[in-house]
Amino acid sequence: MTQIIEATQVPLDGVTTDEIMTVVAARELRDGVVCFVGIGLPSTAANLARLTHAPAAVLIYESGTIGAKPTRPPLSIGDGELAETADAVVSVPEIFSYWLQAGRVDVGFLGAAQVDRFGNINTTVVGDYEHPRVRLPGAGGAPEIAASAKRTFIMLRQTPRTFVEHLDFRTSVGHAEGGDSRARLGMTGAGPQVVITDIGVMRPDATGELVLSALHPGRTVAEAIAATGWPLRVADDLAVTEPPSQAELLVLRALTSRP
Amino acid sequence: MTQIIEATQVPLDGVTTDEIMTVVAARELRDGVVCFVGIGLPSTAANLARLTHAPAAVLIYESGTIGAKPTRPPLSIGDGELAETADAVVSVPEIFSYWLQAGRVDVGFLGAAQVDRFGNINTTVVGDYEHPRVRLPGAGGAPEIAASAKRTFIMLRQTPRTFVEHLDFRTSVGHAEGGDSRARLGMTGAGPQVVITDIGVMRPDATGELVLSALHPGRTVAEAIAATGWPLRVADDLAVTEPPSQAELLVLRALTSRP
Amino acid sequence: MAAFTGLAEAIAGNVRDGDVVALEGFTHLIPYAAGHEIIRQGRRDLTLVRMTPDVLYDQMIGAGCARRLVFSWGGNPGVGSLHRFREAVEHQWPVPLELEEHSHAGMAARYVAGASGLPFGVLRGYVGTDLPAHTSTIAPITCPFTGEVLTAVPALRPDVGIIHAQQADREGNVGLWGIQGVQKEVVLASARSIVTVEEIVDTLDPRVTVTLPSWVVTDIVHVPRGARPSYAHGYYERDNDFYQSWEAISRDRDACTEWLALHVLQAADFAEHLALVDQEAPA
Amino acid sequence: MAAFTGLAEAIAGNVRDGDVVALEGFTHLIPYAAGHEIIRQGRRDLTLVRMTPDVLYDQMIGAGCARRLVFSWGGNPGVGSLHRFREAVEHQWPVPLELEEHSHAGMAARYVAGASGLPFGVLRGYVGTDLPAHTSTIAPITCPFTGEVLTAVPALRPDVGIIHAQQADREGNVGLWGIQGVQKEVVLASARSIVTVEEIVDTLDPRVTVTLPSWVVTDIVHVPRGARPSYAHGYYERDNDFYQSWEAISRDRDACTEWLALHVLQAADFAEHLALVDQEAPA
C-alpha cells in the first residue's frame, strides 16, 4: 500500500511524544530496507514506514518471521499474526545465524535503559551487577543486532538517568570508545547512525560521538543538554524536526488503534 | 507390516550373492533400530528388515529423510519416494548435525572399495592420491557415519583387492590400529561390528581385528583366506550362515522386482 | 518410542530436585501446564534454562522452584518487568537466584550445539560488551584459517526439555507449526523430554513444519490449552489480557503467593486452573 | 529484489571465467538447464563446488568448463563411476582437474558457515582419516570449555550459487519442497545467485517448506523441466533411465564429446535439448 504523504502541518497539540518518536523513526527507513524490529515503538515505526513511504520494507522479527506484515502492532515479538503474514518463518537459531549474523539486515532497532555518548547501550542492570538496584531484562538480541546489522537506530526517552556519562553495564556496543575502536572489535556493521528521543535526534560525528542534530518542534537545546549526562555537543546546522503530517498521524493512529 | 518368518530351508541354487549378503545384513538389524542407510545393498537390507522382523526400524537417508518407508529400493539416495514416505524431511546440514553427529543413529551401513583388518575403509582412490590408478567417488557421508553411528556394518565382496593389508587411502576409520586406538581418536561410536561379504561374515575380536566368524553355505575357509590380503584369523566357533528362508527371499524379491 | 502418559506422571518421572530444566517457547507454545505441574509438585533447586523467561518462569521463580536461571531476556513482552524475577535477583526472595546470562544469539548457538552433539557453538557475539566479565560460559575462539577471533559458548544439555506442540499422532510423532523458536533444538539437546500437545490425531496436519519423530521424545501428554496464556497457532490466541494483568498480580509478593496458591497449588490439575481463570476473565 | 530474466542472460550476467560456482541439488532439483547454459556459453577455469557432483558436473567437466572441483562424493548414484570426472583426474583430459576433497558433513558445515557469515564451521569429523593430509581446508580446533579437539572447516562462499526450485511467486519469492539438500544454504552463502523454477505462480504452494525471499536471490529464470534428468517433487520424476544411459555415453571420450555437441552445444536452449532427449527416449 503506497500513499502519497503531503507535508501538511498539523498542530502538535495532541501529538504524543511516542507519536513523534515513531514518526521520526519511520522516516529514517528507506523503501526496500531490511529491518530487524524489536517490539514496541520500533515495531510501530517500521510498520508505519511500511504503510506509508516504504511499502517494500522487509520486517524481520527475532521470533523467526521474515517479511511480516502485521495489521496492528504486536504486543509480543512472537504474536501469531507475524507468522501468518510473513513471507517465511524460520527457527530462532536460523534468524540469528543465516539472517542477522550474515549481514542481511540493513537496520536494527535498539531500545535502551542507558546510552552513553558513543551510543553504547545498557539493558542489563542499574547499579552493580551482583547487587543491582534495578534488574533489567538483559541482552536479548541486542548485542548481536548492534554488532551485525549494517546500521542501528536507537530509540529512548532522554533524561539524565538514561543518557549517562558511564553505563552501569555495557550490554551492546555502539561506537565503543569512539574513533576506530568499534572497527577494531571486528564488527561487520557500522553501528548507531541515529538516536531518536522525545526531545530530538542525535547523530554520531566522525569520531562516533553523538551530537544533537535536530530538535522536535517546541523543544530547546537547553532541555536537551539538561537531559544528557555528558556535555552534549550541538550540530552547527541544528535542524527542527518536520512535524508529523496529517497523513502520517492518520496511518499511525489507525495502526495503533486496531483492536 | 509384520511377518512371521519361518526358517524354511530353500535350495541355495538360484540365490545370488547379493541376496545372501542382503538377507544376512537384514538379520543383523533389530526391531526399532535407527539405521543410517546408504544406497544399494544396505538400503535393500534395511528395507528387507523393515518388511520382515523389524517393522519399527527407522531408516534415515543422508538426503534428509527420517523414517522413510520406500516400497522399492531407491536408485538414488534422494528419490522422491523417500521424502513422500518419511516421518520428517530435514536439510542435509541438519541430518548430519542434529541426527548423525548427535549420536542418534544406532547402525550406519558402509560400503567400501578396500577394507583392512581393523575395518578401516577406503572409498577414495586406488593407487597414489595425486596420480590414482582408479579415482573412486570419495568420502560422502562415510567418515562421519564411521565416527558417530553407535555401530557400523560393512558390506562388500571379498577379494584380495578389496580385503587388503594396507589401504591406499584411509577414508573412514574402523578400529584404527586396534586396541584402544579408536577410542583415543575421540569417536563416540563403537565402530564396525560386522563385515558381511559374499563368502561369509567377519566380526572384530577384542583388539578390533576382523575374524572370520561365519561362512555362507557352500563356502570354505580356504576361499575366505585366499580372498583376504592379510593372514585371516578364523573363529574357533566358526558358524555356517542360516540360508535365506523362503519368506526372506519372497519379500526380498518382491521388494527388488517392483517397477 | 515416546510414551503417552498423564502430566503428573510425566513431571514426577522426569523432573527431579536440582535438575537442569528447560521449558521453551518463543512467545508461542510455552508449556504453562507443565510448568504449573512442576510448581504443584514442589520441585526445588532447579536450574531453569530459557531464552525468554517470561510469566511462566516468573511464576516458577515466585513459587521457589529455581536456584539458578540460564537466560538471555527476562521480561513480560510488551508489558514490562518480571517482578518475581527482579525480587529474586534484587532481594533474594523467596530464595537467591543465580544468573547465567547470555544473548539470544548465544543461547540459540548453545542449543544448536547441544542438539548437534558438539561441546560448543561459535558466533559473532559478545565482543566489546560486559557480558564475558560476568558470564564464565563465554570464551574467545580463533579461526584456524583466517586468524579472526570469534566467540565460543558451551552446548546446552538440559536434563529435561519441555515444550508444548499442536499435535502428536498415535505413534507419538510430534508436529508443530507457526513460530518455531527453539522447540526442536531443546528436545534434541536434552537427555529427557516432555511434550504436551493440544490434540492427538490420526495423521499430522499438513501445516506441520517441524516434526519430532516419536523416538526422540520421552513422554507425550495430551493437555488441551496447555500453552495458555501463551498460544497455539491454529488452536487459540495469546491471552494478552492475562499477560497485562500479571503486572499487577506479580508486583506484590503476597498477592502473587496468594494467586499461585489459589490458581496453581490448589487446582487439582491444569483443567481446573483453566476453569478458574476462564471464570475470572473479563467478559 | 530478484530480477526475472532469461537463462542466457542470467548465466552471462553472473558466471564469469574463473568464478567459483556451486550448482547444488541433492539428487533432487539439480539445475541441469543452468549447467547446460554454462557449457553452451563456453565458460572456462571454473571452480565447481558441490557435495555430490553427478552427471551434470560430469558433463561440465567433460566439456572443459572446470579447473577445480570442491566436493565430497563424485559418482552416478546407484549406477557407478563418473567417467569424465575420472578421466580428468586420472588422465588430465580435457584439462587437469584439481580436487579439494571433503566429507558430506564437512561440506554441509562449510555451507552453513558461509550462509551464517562465519569464517569456519566445526564438526566431529575427518579425525583419523587421510583426508587432512591431502586437503588443506581441514584443521583441528580445541573446545575452550572441555579441551576436546574437533575439526574446523572454512566457510564456502561461492561467487555464484545456482539451484532449481519448484516455484517463484510474482514478487520473486522462491519456494521449494521435498528433499531440501543444501538449496537454501548455497543461495545464502553465495555472492550472487540464480534460481531456475518450474513455474511462476500467484501464490506459493502450501507444500512449500523452504522459502527464499526475493531480496536474497539475484536472478530468477522460468525453465520448465529445468532439473531434468533430476526431478522436481510434485512436477516430474527422476529419469533413472537417462542416468543409467549416461554410463555408456560417458565411458568414451569421443562419444561423450559428440553427445555434448549434439545435445547441448547445438541446442539453442534447454527446451530444444528436452525435445531432443524426449525424442530419443525409449517409448
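General remarks:
Going by the order they are written in, the chains are A, B, C and D; count residues from 1 in each one.
Note that a contact is a pair of C-beta atoms (placed from the backbone, for glycine too) under 8 Å apart; a residue touches a chain by one contact, two chains touch by 3 or more.
For clarity, every value in this text was computed on a predicted model and none was experimentally measured.
Any chain bridging chain A and chain D, meaning touching each of them, is among C; the list is complete. Counting steps between touching chains, the shortest path from chain C to chain D takes 1. When you average the Cα atoms of each chain and compare centres, the chain farthest from chain A turns out to be B.
With centres taken as mean Cα positions, chain C sits 28 Å from chain A.
Averaged C-alpha coordinates give centres for chain B and chain C that are 41 Å from one another.
Taking each chain's centre as the mean of its C-alpha atoms, chain A lies 57 Å from chain B. Multi-chain contact residues of chain D, defined as those touching 2 or more other chains: 112, 117-118, 123-124, 148, 184-185, 209. Residues of chain A in contact with two or more other chains: 97, 101, 148, 188. Working note: touching chain pairs come out as A-C, A-D, B-C, B-D, C-D. Partner chain C is touched in their complex by these residues of chain A: 39-40, 62-65, 74-80, 82-83, 89-93, 96-97, 100-101, 124, 129, 132-135, 137-144, 147-148, 169-173, 176, 182, 185-188. Against chain D, the residues of chain A that register as touching in their complex are 32, 34, 56, 58, 66-67, 87-88, 97-98, 101-104, 148, 188.
Chain C meets chain B in the complex at residues 1, 112, 115-118, 173, 184-185, 188, 211-213, 215-216. Every residue of chain D that touches chain B in the complex is listed here, in rising order: 26-28, 51-52, 71-75, 77-79, 81-82, 85-86, 89-90, 101-105, 108-109, 111-112, 123-131, 134, 148-149, 178-182, 184-185, 209-210, 231, 233, 237-238, 240, 243. Looking at the complex, you find that chain C touches chain D at residues 117-124, 137, 139-141, 143-146, 148, 150, 152, 154, 206-207, 209.
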